[in-house]
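The letters A, B, C, D and E name the chains in turn, as written, and every chain counts its residues from 1.
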Amino acid sequence: MLQQIIQILPQVLVDGLTLGFIYAVVAIGYTLVYGILELINFAHGDVFMTGSFIGAGVLFFLMSIGFLSSVPSLIVFIIVILIAALATGFLGVGIERVAYRPLRRRNAPKLIALITSIGISFILEDVVRFIAELKTGNYIITAPSLFKTQYHLNIHSIMPFFHNVTFQASFLVVLVVTVVMLISLDIFVNRTKWGMAMRAVAQDRETASLMSINVNRVISVTFFIGSALGGATGVLFMIQYGTIDPYIGFILGIKAFTAAVLGGIGNIRGAMLGGILLGLMEMFAAANLSTITHGAMGAEYKDVFAFIILILVLIFKPEGLFGKAVVEKV
Amino acid sequence: MSILEVKNLTKQFGGLTATSDISMGVEKNSITAVIGPNGAGKTTFFNMITAVYRPTSGDILLNGKSLVGLKPHQVSKFGITRTFQNIRLFNEQTVLDNVLVGMHQRLKGHWVGTLLHFPNVKREEENAKIEAYKILEYVGLEEYVNENAGNLAYGAQRRLEIARAIAAKPKVLLLDEPAAGMNPKETQKLTDLIHDMRTRLDVTIILIEHDMKLVMKISDFIYVLDHGELIASGVPEEIRNNKRVIEAYLGKGAVLNG
Amino acid sequence: MREQISKFSQSPKAQAIFFAAYVIVTALGLYLMQTSVIAFLLLLFSILILYYLKLKTRTKWLIGLFIIAVVVPLVASQGPSFQSYMEVGTLVGIYAAMSLGLNVVVGFAGLLDLGFIAFFAVGAYTYAIFASTQASHFMPFGHYPLPGDTFWLFILIGAIIASIFGILLGIPVLRVRGDYLAIVTLGFGEIIRIVLNNMDHPINITNGALGISSITPPNFLGIPIGNSSQFYFIVLGIFLVVIYIVTRLEHSKLGRAWKAVRDNEIAAQASGIPLVKTKLAAFAIGASFSGMMGAVFAAKQMYVDATSFTYLESTMILVMVILGGMGSVPGVILGAAVVTILNTQVLTDLSNWLTQLSTNGVISIPDALSPAKMQRLIFGILLVVFALYRTQGLIPHKNRKINVEKLKKEASEAPGGALLSKERAETGGTD
Amino acid sequence: ASGSAGGGSKAKTVIKIATQTPLSGPEATIGDALKLGAELAIDDQKAAFAKKGFDLQIAPYDDQADPKKGVANAQLIASDSSILGVVGHLNSGVAIPSSEVYDKNNIVMVSPANTATAVTDRGLKTVNRICARDDFQGPAGANYAVNTLKAKKIFVIQDKTAYGSGLAQAFRDQAAKLGAQIVGYEGITVGEKDFSGVISQAVAQKPDLIYFGGVYAEGGLIIKQARQQGLNIPIMGGDGMDSSATVQIAGDSVKNFYFSTVVGDVTKTAKGKKFADDYKAKFGKNIESYSAYGYDSASVLLQGLMNAIDKNGGKLPTRQAVAQAVRAITNFDGIATKVGFDSKGDNNFAKIYIYKFNKAAYPATQVSEITKK
Amino acid sequence: MANENGTHFLELKQVESFYGKIQALNGIDLYINEGEIVTLIGSNGAGKSTTLKSISGQVQPKTGTILFDGTDITKNAPHQTALSGIAQVPEGRRIFPRLTVRENLQIGAFSVKDKKVVSERMERVFGYFPRLKERLEQKGGTMSGGEQQMLAIGRALMMKPKLLMLDEPSMGLAPIIVEQIFDIVKEMNKEGMTILLVEQNAFQALQIANRGYVIQTGSIVLEGKGSELMTNEQVREAYLA
């Protein structure tokens, strides 16, 4: 039993990391917005989805003008991801303007924004669906693949207790891009004045404005960054898995939100590590649960496994894995 | 006789020692003040008594029974209630309901009784409201009965905190800077109120306060903390003239006359 | 004009006459136009009007009950749409009761729950398993399916089992705070759903993804119950019980404790409120309403599988609560009604109507944009619009105002005149 | 309640056929295809009904793949007395509770796609289906896998829906009976896109065939990801994979993928060809096999309706009469399948075809045809 | 008293402010000249804090105008007001609880680009409040009440405003610190900072103030020199006890 778990471990790690990094970046979108507005932005998963569709659209367009064959994949990729990130960034800002800012102005209770976010989420899903369907007749889209070179890591010959690992070039792209995004964001939030302003706004909006911080602007910027990251991740997702549909944001959104909480919501590094951890955990569970339980429970329990770990973590560390315990001064 | 006794009480936050090895006793039915510079550990001391924080070491005894390890609501049940330095009211509830919550552990009615319309539960509720109203009259908030607590001005909120705390009919009442944010006139009224509570409610009062006029006027006994340590104790006259206290806390100009 | 309005709003008599006229007209409207959804909705709207009238609460209850239980079924029963209206009514009742349950948890106790549907699932499966042959797969004794008259017992059992699950959920929840709670409850909801969807092996308890079919319909004094119009009355009955419980508890010691915990945990504890017990009570009581309705749901559908209990369902109930007005009992009921009627009737009718127009060539719509597909989109837009224009909810929560004059009088007459009644709880025990 | 107006009046009596399938949400692609198929059938028959004085119309309902919504819609359908029959649903889980309502109201339902056994096993007079049952399709696939493809170690994956589970179970049981070893039986989550975990597990088990019970959205990716991890063994699925989208999603990996389905290649017959062309002309899309299911279900329903009208002397028949007439059909030639209902409402002629992808193009190549035992 | 153009440094004309339907200010008229210390006294709920909030833009006055340094700032958002040189030490301190003491101070100088200037100012603040220097990395929220008050004042000083508004700065402070605070206020004023001080501690406030206003239920009922007000019978009766 153990032998099999170990054999496939390298492959599980690679796959888990791929998924985990995607969770991580989407989780950051949740954490950023949550951190600043204490709002679970249900629409964020759909911004991610929209990003993947915009990316696919751009890719199809570039293909139709013959750009794809004449230019290296990497350049194409950079163009696509930049356009998608920008577009979703502005989409995020727009959503904030339309659906959240008016509520803030009217001093609405915190939870009411949950409703607009769910509403926006439905709208995005269906609008994307209608556009995709009008254009292609189907809304399950399979994008042209960019980095499909297969790599085989022959670790079996070095370490015989492992099986070999295979992955696609896209895995490396996902890895590199997400790590770059994560690090630059971390620096932005923790080292720059804007980052500090974001945290200040998160903690006390009114007082932040007394410090000459333009609160609405900070919130817009936060939405822009969070959404742009989400959109860019959508492109990565599309590159990695090839197929997208308007509903990918839903499940991924739940997972990413879970990851954000696992790491300690409001905490950027927590969200990253939470995402990676969740990806690994899920992959591990899917690959090994039935081996471990002798068939009593299979891969279908992977989410149960992940959630139980989450709940256990929160019971023993209620502020999340990497969150710092905020002792309320009484 | 000491109703509340504290032995070698220490609290550390990480590397910071907020209170260190404090021992003191509080006489039954007295008014005892705890004073000291900002950050001396006064509020922390209250927090340990009311089980908001668990002491790092040491013991707290109420009538000889240890309170350490209890939950906050159990401490309240044992007869200690408090007000908070940073006001903590139930902002979305009416003033009356705030006081009724204060009575929580005195009301015996079970929710099943509520559902089944038991007459004793009903009567208890009626009486509780009447009593709550009287308490509000007592602290001078009767005109705000139906107002949301969060909408009251600062001074009124402070009085409501007191009302909620005495609604539990405590044996010991802890007041954390009750006069903060009040003008001298209001402080005067508060002083009278505290005096009156002691006799009328037969309660022991411990208060933290920076308003020396109030403290000196009202206290039977004063403890002074500095940097978490007990640096002096005595009747007001002694404290007023204690050099260490003047140096650390009162400042030369502030030695006000009664 | 304004004067007249204010006069009208002051005069109960004028209002009563107006209201009676409204009910009669709309009832007549529905009677004559049986298939008109608008007529049906207008009649239902009378309940909302009633809510705002200046009448005694008791009178309002009686009138409201009369309309819901007698007028609507009677008037609607004359045409082919009867069962359809009653189905909508039944669903409204089910969701309203669940929303009231969630309102206890979220609105009163301030515990954000994103997995509330789990309790509904538990109730539904409880009845489904025992009222079908499913139980015989793992129960060593007894004959299954149980007969339809055990249904009534199962309403209670559903409530009890669901509240046990509520307490189970409560245990981790006691440790986590604020929005961490949201994710724990979400996880809990998903765990329950996934487990129910997979418990066909090693022991077949729930029949897994295939679901449980052929559930025995309930039986009332030998009459089998299978129509929506019959379930309507069952649901109405339970719903009334739920409202009763909720409104009684809201202004009781427990209700105050919930709100205190919601507003300020530390102060609540310092006032002697045990956090654990209070939160668990909220979960258990809230869950029990869902459990009851779950049993009804299983009986009504005659089939359950895990697809009815997804996370989206949980959020929908949450939407009903928030949209209606958190903490506000009438608001939450209205929220449930609005969302349910929109989703099951109005949007469907709207899209049917648009389809009709396009098949008749009145308007032309490309197939990708067929109105039949737009229900969720329209729903999404409506949610945003509602939220932006009713930021406090449809009927915002208001604190109950006590009659101060009366209280003052009673206080001055109260025996003894002492500030606090003399007896003091002697050094209390532990909780 | 039943139809009231007679057929004699001058103004044409409206008869509606409802469809109930998911038109929004993740499963709407197939749901839409079913609806469009039915729509075309209704269009085709419009003239014939007009001759008899009836205005035939379609009433599409969106069940959102949600049982509650399905039942509520069913009540709406029941209350519209001009609706005399339903084509639907996509999901067995929705069809089962909804059909209870149809049955109470004597509305006939012809299901194009519900393969779960419980759909007809409840013995409702109004419930019929033209597709094969899971306990026919699954074993048929198993026979082919074990006997023809000589699979000895089979890894089964299913999507934990009523459909995928039912099919995979039936497949597994039969395969085991035939002596194959089931080296894994795993579930995945509908809507996800990364199935590497389960596939890693499959890799470790070294199976010689993978069976997937579920729909192409996940199936296509499973094929692709399995190939990426170097599993170049035959993979097999059921009718849920019978779609051009399978090829789109899986791309080249689709080679060596087999699936069982209840529909032959419709474009081979003239009738079918015409259907495909009309469909393309009208909706601007290529047909899916589900379109043909939808078309045939509606056609059978309309045939029954026509019979009932004739029997009633050209007047509008009752719903009950329509239901009886539909059930009475024993030999109807559809474009995709012949239809004849047995006493339970299952299709006597339901056949299973096995297809194989030799290249990345739809439709695939038929490799076997299995008739009901 | 007014400057060359006959206008004041800060001037409120007939300002009325509301919280929802509740009117908190019924037409406030008030002015401050450059370099003055002006104090605003009044009982609980009189509208002192609301006046400050109206100036800073946290509350938008419904009617009336507010002029600062010759420009109309009535409709300004708080951050714009702050940029124009008005800092406020809010009631109840409003420290950013999860920022460290250092970050709390840094954010006070948010609009300052030059890092050197920031650290210079910070050193000055440490000069006033050495306790803050000892606790640079402690989270603001865990500081004691009085320590937070010091931090709040320090944070406002980081902005080096033209006009500093203090809302009950002495609340919750040890007597010795209260004295210090008043000293600091005087010193800042000497260096040219104009000060608007809201205090319950009317005696001390009036002592250091050039002028004072007495506010009652949302209206100014008295104004005058600090020393005059201190001896005013009405004031003594009502606020000085």
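To be clear about the criterion, a residue touches a chain if its C-beta (ideal position, glycine included) is under 8 Å from a C-beta of that chain, and two chains touch if they have at least 3 such contacts.
According to UniProt, the chain labels map to these proteins: A, C = Branched-chain amino acid ABC transporter permease; B, E = ABC transporter ATP-binding protein.
Since the structure is predicted, the reported quantities are computational estimates derived from the model, not experimental observations.
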Starting at subunit C, what is the smallest number of hops through touching chains needed to reach subunit D?
1
Looking at B-C and B-E, which pair shares more C-beta contacts?
B-C
Going by the average position of its CA atoms, which chain sits the greatest distance from subunit E?
D
Whole-Å distance, C-alpha centre of subunit C to that of subunit E, is 50
CA centroids of subunit B and subunit E: separation to the nearest Å works out as 30
For subunit D paired with subunit E, centre-to-centre distance based on mean C-alpha positions, whole Å
74
Take the average of all CA coordinates in subunit A, do the same for subunit D, and state the distance between these two points in whole angstrom.
36
Junction residues of subunit B, two or more chains touched:
13, 43, 52, 84, 86, 88
Junction residues of subunit C - those touching two or more other chains
197-198, 266, 373-374, 376-377
Among all residues of subunit A, which ones touch two or more of the remaining chains?
126, 137, 250, 295, 300, 303, 327-330
If we count contacts the way the header does, which residues on subunit B are in touch with subunit E in the complex?
13, 16, 36-40, 43, 85-86, 151-156, 177, 180-188, 210, 212, 248-251, 253-254
Which residues of subunit C touch subunit B in the complex?
244-245, 248-249, 252-254, 256-257, 259-260, 262-264, 266-275, 281, 399-402, 404, 407-408, 410-411, 414, 419-421, 424-425, 427-431
Subunit D partner contacts - residues on subunit A that touch it in the complex
4, 7-8, 11-12, 15-16, 18-19, 126, 129, 137-140, 142, 145, 150, 152, 163, 166-168, 237, 241-245, 247-248, 250-251, 282-288, 290-291, 295, 298-300, 302-303
Sites on subunit C touched by subunit D in the complex:
35, 79-88, 91, 197-198, 200, 208-211, 213-214, 226-228, 300-303, 305, 307-308, 343-345, 348-349, 351-352, 355, 359, 367, 370, 372-377
Given the complex with subunit E, which residues does subunit A contribute to the contact?
193, 196-197, 199-200, 203-204, 206-215, 326-329
